């Protein structure tokens, strides 16, 4: 073991951009985690990402990738269908979500009521994911602080992997953009941003968000954005949390995206598939759900 | 199209702004480069905002139509490739592709810029067939104008392949190019609410109530037109749209050099 | 008359000049560009996204769907008619098989990853360039993949074992030509695409593949550098 330890070598630096198939370390001393895997005595990257070296653990923060629904995420959904007992929402991911009647509003909805009077087709809502199954069937709720229908404004599609940076620590980035532009701004974890303001101000907000997307991996983002916004507006911008983000949501991003995607999967990739962690599945759904 | 976005676009337009900050009659920054495909007889690449299109001209030899035995052929084909936009699907050409192809085609054809008789090699037997293929790599709106403009640039740069025993040798080109008697330029004006604007982005195209494409020549003569969209136009609007198209064509013409 | 010296002066194991880029199609979730000599490929990745029709969905894992498309003016001969052909459909299929071994789509049941490749000009080796470009695009899209896939054709031209045949070599008239498009997972040496057209002895075939190993590494380096460059460019702009 000591011999192996002496030979171990890190071939990249913390915060390097690493790409699939790149050798990150040699020897048995380093440990693979999110976005990396071991083969024989080498650790490789298996996703384009920003490398994080935590002691001997090598993991990456993804720099790209579509959104995958995850429990407790607050997202922006778009009504794409009206169901018998609720609404179907597009989640800007491969999987649509269902907003059931009982989770849509605190109001009483009479049987047979016209559901479009609550949420109509093409309308956007801020909602919270409360269930995701192994097959990525998604249920959302509108009951909770800040969850609401979005009126007016426009939706901006952003790189979902950069959402934590657009929000910033406890919403500090959102807060700075709001201060600079006086726009209303809501960021969904699913890579949709809603903004509403005066045309000129909105343009500045869009430009800010695009800038964050492009520069997210370059250190010093928050200070750089602060200076940039101050220069653009001539206003004094304060770095403070945003009221919509009582807790820091950032660390979730460094961790696994969902229980099924936890760490390296090891033999599952090559060997036969074991039983699914979610236990036996019921009869497969074929027709439209619910 | 989201009604909400349409309203939002409209509200901004009332204040004189487009969502990307442009003025209503402002084109996005435009760049044309020729000689981008070594296998084509002529080619051009146009980038305008986020729209990026490659146009190639292939000149091959074929049999003329029996009703016009001494005329060569010209054909424009534009495809909304799924590569260029998430809204486009694999499959046979959509009606939007076909319309874009036909509108660009008619702009060039009806201007009589290319004398089809000059493309005759042997009457009734062999003629040159000029194919213009418009291939968007990234589609963020205004395919007709940009495809048409790049199409003209590609046609200008095209050289005939050498004829060997009546067959084209694509590995050797002559110095001879197509004779273009004039340069038609298509300009599309879209109507959103009460506003008229040029060079629409993809979102603006989807929000448009109506559009008018006007192809025109150097002296301001019109050579083809197409109205699109569901809304009607008053004759006053039609007038304004043509004026705006002509004004814009003048600026675009300079870009062709 | 044996082929002694390559017509363009390259060494037998040498590829033509390679240019690789990432992030070339803004509308796509990931994109790549791969040029080798005069063969040029653009690849766009969309997804994972919802797969229609439903009957094609796989509840066990996401699907990979490739579409290879030569622009009509990109061939060495006559215009290529737009739309799918037997050839383009087969190439699309072998592309899927070439790329799938590295891509992990287990997290995306019922969804699809679409890979569209467009070729504005070709000078032989187009399916390999398509695979190399597609691989950049998949990595750029942030998909989980254990490695990139590097692809290049090898061959035996009138007795000479060569890497990366161009059109002139592929169409060599003075002797037999074997054209062998290959794709490899560089970190393990696994081969994920092999096709062959032409007459060749078995040991020549084996040697031709062996000779190409450094070329695969060079291609993989170019692919990985392309993705890194995209982020380096953004960082350079900040400073």
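A, B and C label the chains in the order they appear, each numbered from 1.
To be clear about the criterion, contacts are C-beta pairs under 8 Å (C-beta built on N, C-alpha and C of every residue); 3 or more make two chains touch, one makes a residue touch a chain.
What you are looking at is a predicted structure, and each value in this text was computed from that prediction instead of being measured.
Asks: Which chain pair shares more contacting C-beta pairs: A-B, or B-C?
Replies: B-C
Asks: Most central chain by CA mean?
Replies: Closest chain centre to the overall C-alpha centroid: C.
Asks: How far is the middle of subunit B from the middle of subunit C, if each middle is the mean of its Cα atoms, in Å?
Replies: Taking the mean C-alpha position of each chain, the two centres sit 31 Å apart.
Asks: Let me have the rounded angstrom distance from the C-alpha centre of subunit A over to the C-alpha centre of subunit B, please.
Replies: Here the centre of subunit B sits 40 Å away from the centre of subunit A.
Asks: Identify all positions of subunit B at which a residue touches two or more other chains, and write them in rising order.
Replies: none
Asks: At which residue positions does subunit C touch at least two other chains?
Replies: 49
Asks: Which subunit A residues touch at least two other chains?
Replies: As it turns out, subunit A has no residue touching two or more other chains.
Asks: Per the contact definition, I'd like the list of subunit B residues that touch subunit C in the complex.
Replies: These residues of subunit B touch subunit C: 36-41, 43, 50, 52, 54, 56-58, 60, 77, 79, 81-86, 90, 92-93, 131, 133, 135, 137-140, 170-171.
Asks: Could you pull out which subunit C residues touch subunit B in their complex?
Replies: By the definition above, subunit C touches subunit B via 24-28, 38, 42, 44, 46, 49, 67, 69, 71-79, 82-83, 114, 116-118, 120-123.
Asks: Across the complex, what residues on subunit C touch subunit A?
Replies: 29-30, 47-51, 59-60, 62, 102, 104, 106-112, 139-148, 185-188, 220, 224, 227-228, 231-232, 234-235, 237-238
Asks: Applying the document's contact rule, which stretches of subunit A touch subunit C when the two form their complex?
Replies: Interface residues on subunit A, with respect to subunit C: 17, 19-23, 35, 37, 39, 44, 46-49, 62-66, 68, 94-96, 134-136, 161, 214-215, 217-218, 224, 258, 260-261, 265, 268-269, 273, 284.
Asks: Which positions of subunit B touch subunit A when the two form their complex?
Replies: Listed in rising order, the residues of subunit B that touch subunit A are 2-5, 7-8, 11-12, 15, 17, 19-21.
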